[in-house]
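Structures follow.
One chain, subunit A, appears in both complexes that follow, with subunit B as partner in the first and subunit C in the second.
Moving on to the complex of A and B:
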């Protein structure tokens, strides 16, 4: 579903990444006509000032963790030597998140320009657009866009500033969910299966073939040229209630108009659902929302007023994550949705940490039993036990995400689980 | 006495008992997860345990693991394989036929990703990944040796992201070896029975 192609989009305010004139596909002249290239020009003029602008803008990672972008860039910039890599993470495979495919497929140049600015800021001469190949024409579009940049003389200016030729390429990821985890990105780009690795070392210190590597989400990078072009204060003023910038929300579930919405950071949840999503499906009552995707804490009706920004959502005990909002109405089963999500995690687990693979399977088995009406109190007790003993048992965040959504649904909808028990 | 938490229930058990005995002491139903009742041969009591203060959980057999104070335990259900691997043991005596049959039954075995998930999952500490490699390279003798202590708990099968069912590959190798070359002591004893050198009492 792509709500942005609807005319309703034209009346929405404050669109930075999805304004209609930016939706130029792989056309570089189209991007330049929409003001593209100015951000990179500013960056070339004041290379040392790039990271400071991002810091003042308050840009945070939009791939899930919300880590302050300038700190990651500083960490890579501080590493010695010219052999560094910038990777744009466009693997996007989590259920309910469908923002990066829009950016990369419809307006890839801002993402690429953001990656080039990153290369300039951290001193990297290798730039990789790492893209999920299972998203229709997205990867071919990025490849075309990359080819257009390669022919652009600005790359020579970049090379002059960086003291050597700059390589820019589009690379197909494995398309597996786990392939989006940052150390798995590194493993895949080294030619291995995308198994997450132990951290530390973090990619910023030792990434692709041991080179310091900056990995940012596509949406994070997309903001960068606009920030450099219009300034930090402008970016901050795009948000609401003190939160900076805008955010792409992947709205799905029991709403009238599911789709992708770019709104000011800090837009209240109720406004996203009511004004943009057209309210609840078939007039049903709101029950809950899986905030930030299927690996986070659920928010309930008491939290409809929460401003959707990193800090406000965290203050309610949840996380903004990727900005996915999977809405559930009365009449839709929470245990059913949670079972589906945990099955996804069990399937996606890469298996190198046995507690992750076996634990998520066991959780899925127990949940499935309850959901299908055969569960007992002992099964529910076993689920609770697993939620306590599994966290931290994996190399990556997959196992903890699976536990978080189960534990949160038990905490907030325990009665619903109880009502489904057989004995 | 020590305190443990098993499948959501708190239990007290005397020091030095196994997790399985602690579960029995806690009054947990010893049905799905117990077969040989503590002899370490059936592999049914597979569990995840988290020791007090440990950084991660680990996979164990409850009958072979000493219960510790503050330990948390989750038994793991019987794990059924996505597909069966049927074969006629008597047809495995010919090495060529056995090798072809194995490739046919376990096509994924050649796709091992060397993630070592199976090695880490194995409560017996076997080199499962190596055993799979030995079997796929046709060395059933070595594979059978590697899997000699396998009790078919299925923990490696549950862990393996390629659905290789390493333990079943191992079992196949052990059977293929036995089909062509029974252990010498067994052959001698059978020979003694068949030739009458050893009397066998049969109950009427």
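Moving on to the complex of A and C:
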């Protein structure tokens, strides 16, 4: 869904990751011409200071969790031994999210350079670009970009600094939604089905084949070379209202101009919809936004003023997630959308934890009955019961996300469900 | 949701053939014309077809067409009445199908005319479960009005090549050679299939061979017929077969209001409105076949029409929204011999069978002005020329030219009663005795030459969506020959049915079916600055007084009304 064109990009201010001159595809000279390589150079000059810069910049994990990046890096760096792994997570498969496929498909070098800087910071000699193979030509583009870096002499400098040869490779992920979960990434890279595992141990302590493993989202890593090049203060100044940096928002649903928008972190929801998304389609009334996974609490009309950053959205009881904003207007049914998402979760459940395996299936079945006009009040009561029972019953967060979106839609749009019941 | 969009203001009112906008001329009085016809006429002059069509064909008139501004065929020209529908907003929203019953089938056939029945019978024979939905009743269609016959190269002196050449040339060489080749080469098999289904055809004097008539624009006699009720006979057989066949479900009075698609843009079914239940029903299907016919009821270029009440371009509208491309939608066929008088029957068809049996056309001076078996577009244009240049005939304010049925009866006594049954019916309704009095005729809007672009298996540009019959384009080019419409619906109905059955087997009815393409369509309308208050498909023409909003069951919860109003 590369709705983004050069023209659109040109009129948007404050672009860091999606500036037009960065959209060079797999061309490494193009990336160097656009200022690439400087961040890595700075990192090589002051290896010990890298994590400190990130801490001062306030970079957080942009794959959905919002965990401070420097703390994750510190945890891996603190592990003993040279056998460590850095994984760039480009498994993106959530409905409504299309940011990583843009970064990796159109401007992959900043992501790779970020991963190399991470390797330098934490002392890892193995770097894996873990990419969803179902995203058109994204994986081949990343593979070409990786090949270009392998031929670059800077890798030798990196090896010298790390005390041994550095391996850099692009690996196809399973392409399954669950394959983006950290421990599932580890399982897949070890050659197994991407089953999430119990935590602890966290991958930072014991990841791929027991090696300490740093797993960061592609968007997070993409920011790293820019931060090292321009400094922490510069990065902080890209944001609004105290939130640092920029964020890629995947805007979809009932707006006039859906697409990918890079905006300052902390941009209000209303501004994203009205100024960037061209307003609600056909001028209809705003009903709600599904954020992130879409596995979070709905943002409704009361929350149009919320600044879109991790803390502000959390303060309203929801989560920013991946930055996906699926907008729903009057005229579109909330229960139908929720049914679609829960069907996705039911299909995506790995089936390892029985409550998730049967719970997502039951939720999807009950919702489908309501959606197709057979639902009764008893079905709705069963859904409510399941929403009370299921949270926390899986190893990963899939079941929690599915329940959250159902429960919050029931709470705010219960009347819509009721109106669809039989009789 | 609001009522189906209003008809363009000019469309219905001008059923008066004397009031064709761009023709303003005097005419010769009926009794004077009859007197002039007493003498035997000279042979007609050979027409200069290209010049005639440029000057006098309705499609060639200024302002007859305008370019489309959105959609897969943006820039293509089509009549304004059709453009208004093709570029209209949808009838329904996502909330309208929330809680609608879901029905699953392998193959969904939209349209219950000849093409729909052929496609359904073929798909069910391949082992698929088939649902046929039609907005009237099964067989209630234009197919039954096809009077002349069906072409197929079955004669000893005939050949596939001759049929191919005639079809392509008759269509001003605008047809797709692959489609035409498919049409003609499967013609004999189509006739065999129809006979196998139980259809009867007229036999020649020997009583052993199929009787063949001559069609306008053809090189050899090739029309097979059942007197002049061929379409009715074909529909009778197919309708019975469809109704009796287990595995086919038929929903009457159930218009399709929107197609459904999945995330990959593949057609996955349709939203049906049931006039019995007063509710929407969601049909999920592995493949969808559109056999919705043409657009005559839009009264293109203000012409009266021979078409059935259901010919409102619904299929074109639905498919175009989903991304199907169109072709030759600026080209319509005006059948030369529509009733011009009496006023109440204006536009009703008099079969080309009359001319193929030898009936002549005479102007107000009693002259023959065009070879009667020229292609239809040429004959119609020549008639409009006669009327436009003051040689038309006027009767009670209605203008046309004369179809010399008394002359035909004199030349072949008894032919009217034996072979022109439906002409007799029309004459009877008109209060005319065709043996003694000629019919006053004027071109009538008859057929949509173009339509949705298809491949040889009926596949459109949208995966999972197939077309057959009049709704499909590319076979007849810019003018259809008599008898090729029935052949087309059989040949391409069978092909689309088989291809859809194969696809449905491969895919199954699964996959989430959504209305996401509707939002994309609306974005395109907004971006192009087109109005959003016009709604389509029309479903029923204005004279049907149908209002979907008013017709819907009012028992649903109030939030829905509010959501719709927003």
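As a working rule, the second predicted complex is superposed on the first by the 418 of 423 C-alpha atoms of A that agree within 3 Å, B and C clash if a C-alpha of one lies under 4 Å from a C-alpha of the other, contacts with A are read in each partner's own complex, and residues count from 1 in each chain.
Note that contacts are C-beta pairs under 8 Å (C-beta built on N, C-alpha and C of every residue); 3 or more make two chains touch, one makes a residue touch a chain.
Keep in mind that what you see is a predicted model, and the values were worked out from it rather than measured.
Steric overlap between subunit B and subunit C is absent once the structures are superposed on subunit A; the two fit side by side.
In the superposed model, A:412 lies in contact with neither subunit B nor subunit C. Once chain A of one complex is fitted onto chain A of the other, the partner contacts of A:71 are absent, as it touches neither subunit B nor subunit C. Touch criterion met: A:256 reaches subunit C, while subunit B stays clear of it. When the shared chain is aligned, no partner comes close enough to touch A:56: not subunit B, not subunit C. Look at A:388: by the touch rule set out above, it reaches subunit B but stays clear of subunit C.
Of the two partner chains, subunit C is the only one that A:281 touches; subunit B does not reach it. Shared-chain residue A:316: touches no atom of subunit B or subunit C.
Superposing the two structures on chain A brings subunit B to within 11 Å of subunit C, judged by their nearest Cα atoms.
Partner subunit A is touched in their complex by these residues of subunit B: 5-9, 29, 48-50, 55-59, 72-77, 79, 113, 115-117, 120-121, 155, 158-162.
Contact residues of subunit A toward subunit C in the complex are 253-254, 256-257, 281-282, 284-285, 329-333, 335-336, 340, 343, 370-375, 415-416, 418-421.
Subunit A contributes residues 193, 195, 349-355, 357-359, 361-362, 365-366, 378, 380-382, 384-386, 388-390, 392-394 to its touches with subunit B in the complex.
Interface of subunit C with subunit A (complex): residues 93-95, 97-102, 282, 512, 514, 519, 522-523, 526-527, 532, 556-557, 559-560, 562-564, 566.
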